[in-house]
């Protein structure tokens, strides 16, 4: 329910809507990302990628002649610093579009704030599927998928490649992502393969330094499949300890975020385990790796950071691609030199754009529809770490919760036949 | 006949191998100031600690006005009317002399004026008077850790008096004070006690003080009362001259 | 025994200084008025100041305990309890009134403060600090662990409460919240000063200097400490409830030990034991923190740590102590000149 | 719960307890002697781990045997003690011994904040993993469950050696006796010619080195990443306070209680595992306010 104040503000803004905006000196963008804390394993690569992308865009004349300028906010500095800095950028620095954020919790905090501040906000990385299912937003868009298609892709890949398993255990981080992703995964699994038995559920605390006890128990339980949607240091520690103690020989691991740990895990992530990348994000993307721009970017990134690209880099590229596409579309559709905010928002609906991966589309509920890649690890000696073979890319449209439906409800209504209805492209490697 | 003000029955306690109270039975009558003398380690302070509930005896009883107070914690015994002054003054070192007394008055009065500023409570007059009684009115507004040992001892006693006790136990009120000052302090004290109608028990080493200010004297030795009598009787007793006075002198 | 001096005028005890410092009162009023003008003259700072003041209220709680010589390394507990109490209330009753939410927060803090307080007032010094830490960490673990109730690490969102039955937009609501916070800062600050100067507060403060004497005044040191502990919990709670409402989200991080450390940090930064120091310290801390993280990127922690070291080593009285030192020197010079 | 599972939980608990004890040991030593609760201990732990990874990475890349990792852990710990512990005591703590304990604690809190950022500036934000030391020792299989020799045998052995060694050092050597004397009465110790400043400096260096050693020993088993120190320090606090401040044997017993409590919780009721250390702390202090092994300070009047 809008108040009197907001309504008057909107009324005041209305007559402006038809007019084009004045072309600014620079297009200011604010991006929230983790520069400190455990999630900086994602945040820092994203920041590096953003710097490269902005340099590239500006080298080509910016957006319709307007260069980009990005300010970064550290999500690791805590919620107060984050919200006050977010507001400062919007209210005092004249930032026109915000990219926020990595943490799902921060997305949930910032989405209503963006709405109130009337600033277009691209949710560029956070996983929670709840944002658009629980609320409608005018200013908030998501330039990537969410937890539901990401988990569904993992379930389908597992059922396609290892249809006969009987038991599964889960070791997830104890926070919203770990809990929610297991909720979606287990609901989908029970719907599509009701005879599977869940033999163990472990939620060690976020940032746990040691999983020895969990691994001992898993060795005693001997499940066929072990799921972990953990990431960063937690995933590294878990996989290292598991592989050291032979757990990776007796169970198949399903690790939907392992792509971001390939390089750090090196030889500790053995062949034959199922891995994913929260979308079609892979520095050896089978369809994209021969593309000149893709190759150039991968080389540039690797030479700057000494590391290969991981999925947050792809997510960053998607946010900037969405930005470029939206401004171009708004300029073209309205025949203006620079679009007003109203025109920009209008352009976002149904927008299609392509970052480093396959093209992504913004749906009417502002959720991005992104294809999902899963694969099986292989240690083939090309790199000193695991890469993927038997890659499948699932069509985003088929595995994203339909507009207006609630994910868990939708997923629990699926059955085994669903697997064959999902469009998929397969690749050797 | 009414019960004695304070009575102890067969108090026993030992610390390690040392017997600090060995079957101590003693009666203290209202209005008669009792001095306790005896060599170091005889159990004098322990006796005060037991009477105020700080230390619980292994066996035996303490009765105040005929009621058993042995199991009570010090604060409950204090509220019945037994106050205590210490060999080393126990004061609130961040507060002024007057405030120390005002806090004492506040403790006595409970929560009658919970949010009134301490410096404006109605007991202020009374406390100033108390400070005058102990000759410390001129330092009323100084924080107590700026004061001399003698002043602090007097304020320590005034703080105890502010509680309006019926019995005051004092542990060496004149120790740590220049000998020229001792009589002056005792003079002030005994006058203040009389004015407030408080009976006192005081541990003392200075036989001159004992002789001049006590109504009765009890001689402690090896955890028990060896002798009891008037100052004249005791101070002339050959055992006391040998064991106590000889040692102190 | 006869040092003659006009002692009353020369060295007043802290208790008397607090109530008679009329100059200080005027300064405090001026400060509040200045802050009240923030939404008008510097609207971009409004939220920051609001959050800083909310934190300042919590720091005031820690400050109260410092007066009794006790340091709690777990007062984020009450901050979090109150914020979650508000969040649960708003989840069960969306659109509940702001005042009801704050009251629920304060009540939650008071009840938990009483339960934990009854236990921790038996301890002093480092054990007191550590036990408070343990309780706050237990609460933190529960918040993290019982995901289905508490929302886990992502916490709970607080829908905007109504104000006196009116639904408000963010802008209006934030203005109301800002001025309400300021009123609470003024009111609770004044109350705390009065309380500390009152007989009950004075008894509480003597826990720092002499518990033996306190016992021999017929007062239970534990009960004296408990009275201040309750006040400190409620102050932390009000701060936490405001923080939760202002942020629109509460997370277990509210109870995390570094938060508690931060509160002690700010209390010392402002001037250990000083009531206005709690708020001055909180404002300085938040400004340094926000601007450091905006302009010095990922070394804001280092800057704050360095800042703290400088204060402790060179100005242990905190900012308020520094201010007093300067004004006193100024006054002394003035006297010399005259 | 059958016997096998009981034994498995026991092994896990002991391995975990060993590491916790080693870290808590430095903390309790510093507290016992200097009466300072060193919040920066967590950072020293993290830096010990980082330094080990850096040293091991460098020397092993020269083609040296993985067994060299073990002496390198010791080197890393000593470096932490001397290069960080020394200056912290000498430049900062020494100036505030006469200040209230809250200020002493806050100084170490400030050092903690600074060192957290120093770690990030030096080693970045990406997690490191350096398990060659652990791999070099291989595995043992018990009841069909594979354990690493490193965690099951080496860590508890090191913990035991440190416990006995420190006891021997404090009770039987002259230097140890000087330290204990200074702990009991600083002024008296000074009056008989003990240089208390040197004793404090030495204690802090040894304590810091023990923190570093904890990190060094933990490094092959876990991801080394920013923030690892913040978690460890709270756990160590719990151990030290539960044991009784300054109690070395108590710390060993408490670490064992916490380790076993946690591992049994993982088998029986995994959801409460994270609560175990704090619950043990509260329960112990409820019954024994001075900690398991602490002695009550007598109030003299």
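Order of writing sets the labels: A, B, C and D. Residues in every chain begin at 1.
Basically, a residue touches a chain if its C-beta (ideal position, glycine included) is under 8 Å from a C-beta of that chain, and two chains touch if they have at least 3 such contacts.
By chain, UniProt protein names: A = Branched-chain amino acid transport system substrate-binding protein; B = Branched-chain amino acid transport system ATP-binding protein; C = ABC-type branched-subunit amino acid transport system permease subunit; D = Branched-chain amino acid transport system permease protein.
None of these values were measured; they are calculated from a predicted model.
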Quick one: which chains contact chain A and chain D both? C
Work out the mean Cα position per chain and let me know which chain is farthest from chain D. B
So what's the Cα centroid distance for chain A and chain C, whole Å? 39
I'd like the Å distance between the centres of chain C and chain D, where a centre is the mean of that chain's Cα atoms. 33
I'd like to verify one number: the distance from the centre of chain B to the centre of chain D, where each centre is the average of its C-alpha atoms, in whole angstrom. 50
The positions of chain B in contact with two or more other chains are 86, 90
By residue number and range, which residues of chain D touch two or more other chains? 120, 271, 274, 301
Multi-chain contacts in chain C: which residues touch at least two other chains? 141, 144-145, 212, 298, 300-301
In the complex, the residues of chain C that touch chain A are 43-44, 47-48, 51, 141, 144-145, 147, 151-155, 157, 167-172, 243, 247-249, 251, 253, 286, 289-290, 293-294, 297-298, 300-301
Can you check the complex and tell me which residues of chain D touch chain A? 4-5, 8-9, 11-13, 15-16, 19, 120, 124-129, 131, 134-135, 139, 143-148, 151, 218, 221-228, 231-232, 262-263, 266-267, 270-271, 273-274
In the complex, chain C touches chain B at residues 1-5, 7-8, 10-16, 19, 194-195, 197-203, 205-206, 208-210, 212-220
Under the touch definition given earlier, write down the residues of chain B that touch chain C in their complex. 52, 73-76, 78-79, 83-84, 86, 90-96, 99, 102-104, 106-109, 111, 113-119, 121, 135-136, 138-143, 146, 148, 150-151, 159-160, 163
For chain C, which residues are in contact with chain D within the complex? 66, 71, 73, 119, 122-123, 125-127, 129-131, 133-135, 137-138, 141-142, 144-146, 212, 257-258, 261, 264-265, 268, 272, 298-302, 304-306, 308-309, 312-313, 316
